[in-house]
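Shared chain: chain A. Partners: chain B in the first complex, chain C in the second.
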Partner chain A sequence: MDLTDFIKDFDKTIDSAMSWATDHGGLLFDLVRAALEGFFDLVTSGLLLLPYWAVALVAGAIAARSLGWKAGIATAAGLTFCQMMDLWSETVETMCLVLVSVLLAILIGAPLGILAGYRPRLSQSIDPVLDLIQTLPPYIYLLPSIAFLGYGPATAIAATVIVSVPPVIRLVAHGFRSTPVEFVELGEATGTAPRDAFLKIRLPFALPSIMAGVNQSLMMAFGMVVIAGIVGSGGLGETIYGAVRKLDIALSVNAAIAIVILTIIIDRISQSAATHRRPA
Partner chain B sequence: MTDADTPLIECRNVWKVFGERAREAIASIRERHLGKREVLTEFGCVVGVHDASFALKKGEIFCIMGLSGSGKSTLLRLLNRLIEPSLGEVLVKGRAINGLGKTELRDLRARTIGMVFQNVALIPTRTVLENAAFGLEVQGIPAAERRRIATDALARVGLGDWLDRYPRELSGGMQQRVGLARAIAADPEIILMDEPFSALDPLIRRQLQDEFRALTKSLGKSAVFITHDLDEAIRIGDRIAIMKDGAMIQVGTAEEIVMNPADQYVADFVAGISRIHLVKAGSVMMPPADFTDAPTAALEQTGLDADIDALIHLVLASPHGAVAVSEDGDLRGVVTARTLLEGLKGDHAPVAGAA
Partner chain C sequence: MSSSPLLSPGDAVAPAIAWLNAHAHGLFQAISFGIETVLGAIEACLLALPATAMAALIIALVFWRQGSRMATLSALCMTVAGLSGLWTETMETVALVSLAVTISVAIAFPLGVLAARRPLLEAALRPTLDLMQTVPPWVYLIPAVMIFSLGKVPALLATVIYGIPPMLRLTILAFRQVPSELVELGAATGATTFQTLTKIEIPAARKTLLLGLNQCILLSLAMVVLAGLVGAGGLGAEVTRGLTRMEMGLGLRSGLSIVAVAIFLDRVTRRALG
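So, the complex of A and B:
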């Protein structure tokens, strides 16, 4: 059987659906774009108003509180080093891209994860979708994003949200699913209302898993945010992309170092939040 | 029937069948009176509880003893409807709980029936006090009041100095006391105990058994107590039910069960049980006519319920080595050192009429 025609037809349908969506959904996409960019600009420009040393001090203090004073000093020193490489605004932009994307991923993923945790059936139908999202190469998501939202940070955020949602859904669902059965019974046998059973029994047990989900989501976002340099995300990703095109090896190495510093800081801080909440 | 006579819990011909074809199986049980085995072969359904009936009286501790898989935990969960019965009904204080709505059922569980779990289920992120107050908290009782009640409950179980510790800092026995305190803090009339002491080491277990019995009696509570340990059932229970394959095969006092096992299964169980503390005058006496050493009128008198310690004391003190057993002034039998020893050995044929 010759499938060529069928595939051509299929591709045409997809193409026309895309153009239909851009033609008719223009207003919607403009709104989404404006909202994403507005939020991102707000956070970024807010952070850039502060002198770099203030940000470094605050980040150092947070790290010191959750990981100890050595980590605090290393964090402050790492961020200062980013400034010394003259990559401060790019570093802040990347950090904001990641934080904004993960915040949105949590807003979308947490309710779905909670539902999936309570209803194994729903979980079964969500899982293949999450598998698909996580199997496809991440830069695939730049294509629809750029088609609908155009060149710029909004596209980067949209694509980053897509790749960082699955770990949130999975680990939130896992957290709520794995309440030990005797505690579920405790809730029922004491006549606990569903809302209290959720807040006072299931949530404490789910918290470590939820925080692990946030940590993984952050790491996925870091991976994507660099790739999103291609679509004009701003930040270190775009610096690296530009440096690679000009074969400016020194600059790309500097930007890579800044990304490593930022990733380690955010990974360690979010990881410690996950482990500290584990009930012993 | 007056209120005082209404059983706190009454189980009427309750069945629980697990499996995909449970409904068909139940229909056949109802129409054709199928047994457990037929249900399994015809419908592939497992019978968890097989036609169980019993009543929990006010102030009573009712022990359900059975090995794992005998259906005892399932039966316990039918009593507060954590599991829905397939057939039959459960009445709590004369009211069928099968028909209760969500709110009524929650209310019943919150106020009337407490539960203590084998693995305690203390929330690890809460302190001892917060755990003990959990039931009150979800009932919406104000913080100060629930703190006072829970503190009092913890003091009753001997944990007054541990309020602000976390469960992980407590030993297994102490954790189980917190579980008990949590149950009594809500002041339920009935406490369901799901093998609460099984995981504890023997010394602590005995201590908790005695404390539990004393506490339940002093608070005037009633309890259904699940255990796989016959010694525990005898120590704690006013009455004991023996379960096997989902069915209650014998219900009675410890003495009735040990002295008169209903079948070989129960007999094998009680074979290892020391009879010493179950022996009562009524079960070890011989007919008065068989006693010829002395006129029975010359003997000390005691009642049918005299226990082993009293009997030994009386027999040793008597110049004839015997004591007369009477009820309401009528002579019923005579206990001698010989009948005592025979009774303890276990093949003494009891006098007709004695338990």
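So, the complex of A and C:
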């Protein structure tokens, strides 16, 4: 009946289990942490080597190519604006956190999605898990990450990968499932090798759906990366977290504007990739 | 770090907020007072019975409406929340979510009904909704905190705003999908606009409307939990404490309670879809 004793025991058990895990699996966690942080640092320092105008120009060019010249100018101007607010390195860090996490999410999600697209059975067993991941508030995914990986960007990336995997798996599977039957049959009738049937028939049809998955994954990642400021992710999320706690209105508004600019740029560019690319 | 940047829109906003706080203080205080009173009343209702009695009442209600399977699931969820020793916090979170969802729906539903009838209004709303759903949830908390400082009131306002887009979108969609023959039938039999709305359109649109409600509830829960960062109390505050002090036992208990609340709210509303 005594709930307080039960809770004390529970907390103690968890604490000792945690220390057991860090004692015995410390090497593994250190490896994961080092790998994630190393990858993140590599990408970030690479991008920060470039002057801001070079990044703004390249991003503007990409936007201009996929969305038209007005969007290109707006993109370059938006990024320049972040630089003028003195938030360039934070903006780049946030961008890298998002890109690294989504890249990992694609590496994990795409093979699973392809398998699930081919095998309805597998898809049936994955679906409830994806449902659950998407039902829970993203904030709580920071708990297991910080327990095993500690304070820092590695935790942010791990938690972000968790929330950005489900859209990739779902939409990749959807893409491969929705190849028109006639085309699959055409491939079989003409004796196309399975490899070619995959690359030349299914993949082109699946591409718009895959890109929609990448777009949604990016948006989930943005939501999470900003929240992850609390675990020392670096970037704009941490800036906002610090500013809100100190009630520094000016800085939190600036950082929020930078986040909105960055989110809109990446959303629109990835969305256009989803809608404009048509199967050959 | 903040050695005056070249451009800083925030520096223009800060005095505006200060001015608002100085001149509209009474208004903000009245809003805070109103929200806190209603919230306090809901919390008092939820905590009026001891945890076991309240849980039994909820399980009985679910059993009556949705059968034994859902009742078992609810019992499981309640047990997790109860055994975590966080029943009070759980009820605080539920109170915040219910009030926020009620206000979101009260705003989004009429607006959605109007927008479904007036394409111009919908065209005006669409880009705003797109923008609102692109912006990361954290960002909503910032203006709310600037005006209402830390606590439950900014959390509630941010949650209301965050919960409006899914409900609004699905309300518009729901009324669009009502077969036009049904509406014409109403007109032909001389039903008033109000009768058409309540007796034909809402029943026909029910499924999509409930889906909108489900989305609205889940997003609101996500926001309420996140608002633990700005002192909203409830389970979010416990997660935040677990994260910042590395108290993993507390973190796990509050995390599991949140899982229980999320699954309970999701499954019960989804089950209502039929």
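By definition in this document, the second predicted complex is superposed on the first by the 258 of 280 C-alpha atoms of A that agree within 3 Å, B and C clash if a C-alpha of one lies under 4 Å from a C-alpha of the other, contacts with A are read in each partner's own complex, and residues count from 1 in each chain.
The criterion applied here is as follows: a residue touches a chain if its C-beta (ideal position, glycine included) is under 8 Å from a C-beta of that chain, and two chains touch if they have at least 3 such contacts.
Predicted, not measured: the structure shown is a model, and the values here were computed from it.
On the shared subunit chain A, the superposed partners chain B and chain C are arranged side by side without overlap.
After superposition on the shared chain, chain A has more residues touched by C, the comparison being chain B against chain C. When both complexes are overlaid on chain A, the residue A:V161 reaches neither chain B nor chain C.
In the superposed model, the angle subtended at the C-alpha centre of chain A by the C-alpha centres of chain B and chain C comes to 100 degrees, rounded to the nearest 10. By the touch criterion stated above, A:E185 is placed in contact with chain B alone, chain C being left untouched. Once chain A of one complex is fitted onto chain A of the other, the partner contacts of A:F10 are limited to chain C, with no touch recorded for chain B. Once the two complexes are laid over each other on the shared chain, residue contacts for A:M18 go to chain C alone; chain B is not touched.
In the superposition on chain A, A:A74 contacts neither chain B nor chain C. The gap separating chain B from chain C at its narrowest, counted between C-alpha atoms of the superposed chains, is 29 angstrom. Every residue of chain A that touches chain C in the complex is listed here, in rising order: 3-4, 6-7, 10-15, 18, 81, 84-87, 132, 135-140, 142-143, 146-147, 219, 222-223, 225-227, 229-231, 237, 240-241, 244, 247-254, 256-257, 259-260, 263-264, 267.
Within the complex, the chain A residues that touch chain B are 180, 182-183, 185-193, 196, 200-201, 204, 279-280. Within the complex formed with chain A, the chain B residues making contact are 80, 82, 105-111, 113-115, 117-119, 121, 123-125, 134-135, 137-139, 166, 168, 186, 192.
On chain C, the positions that touch chain A within their shared complex are 1-3, 5-11, 13-14, 17, 83-85, 131, 134-139, 141-142, 145-146, 149, 218, 221-222, 225-226, 228-230, 236, 239-240, 242-244, 246-253, 255, 258-259, 262-263, 266.
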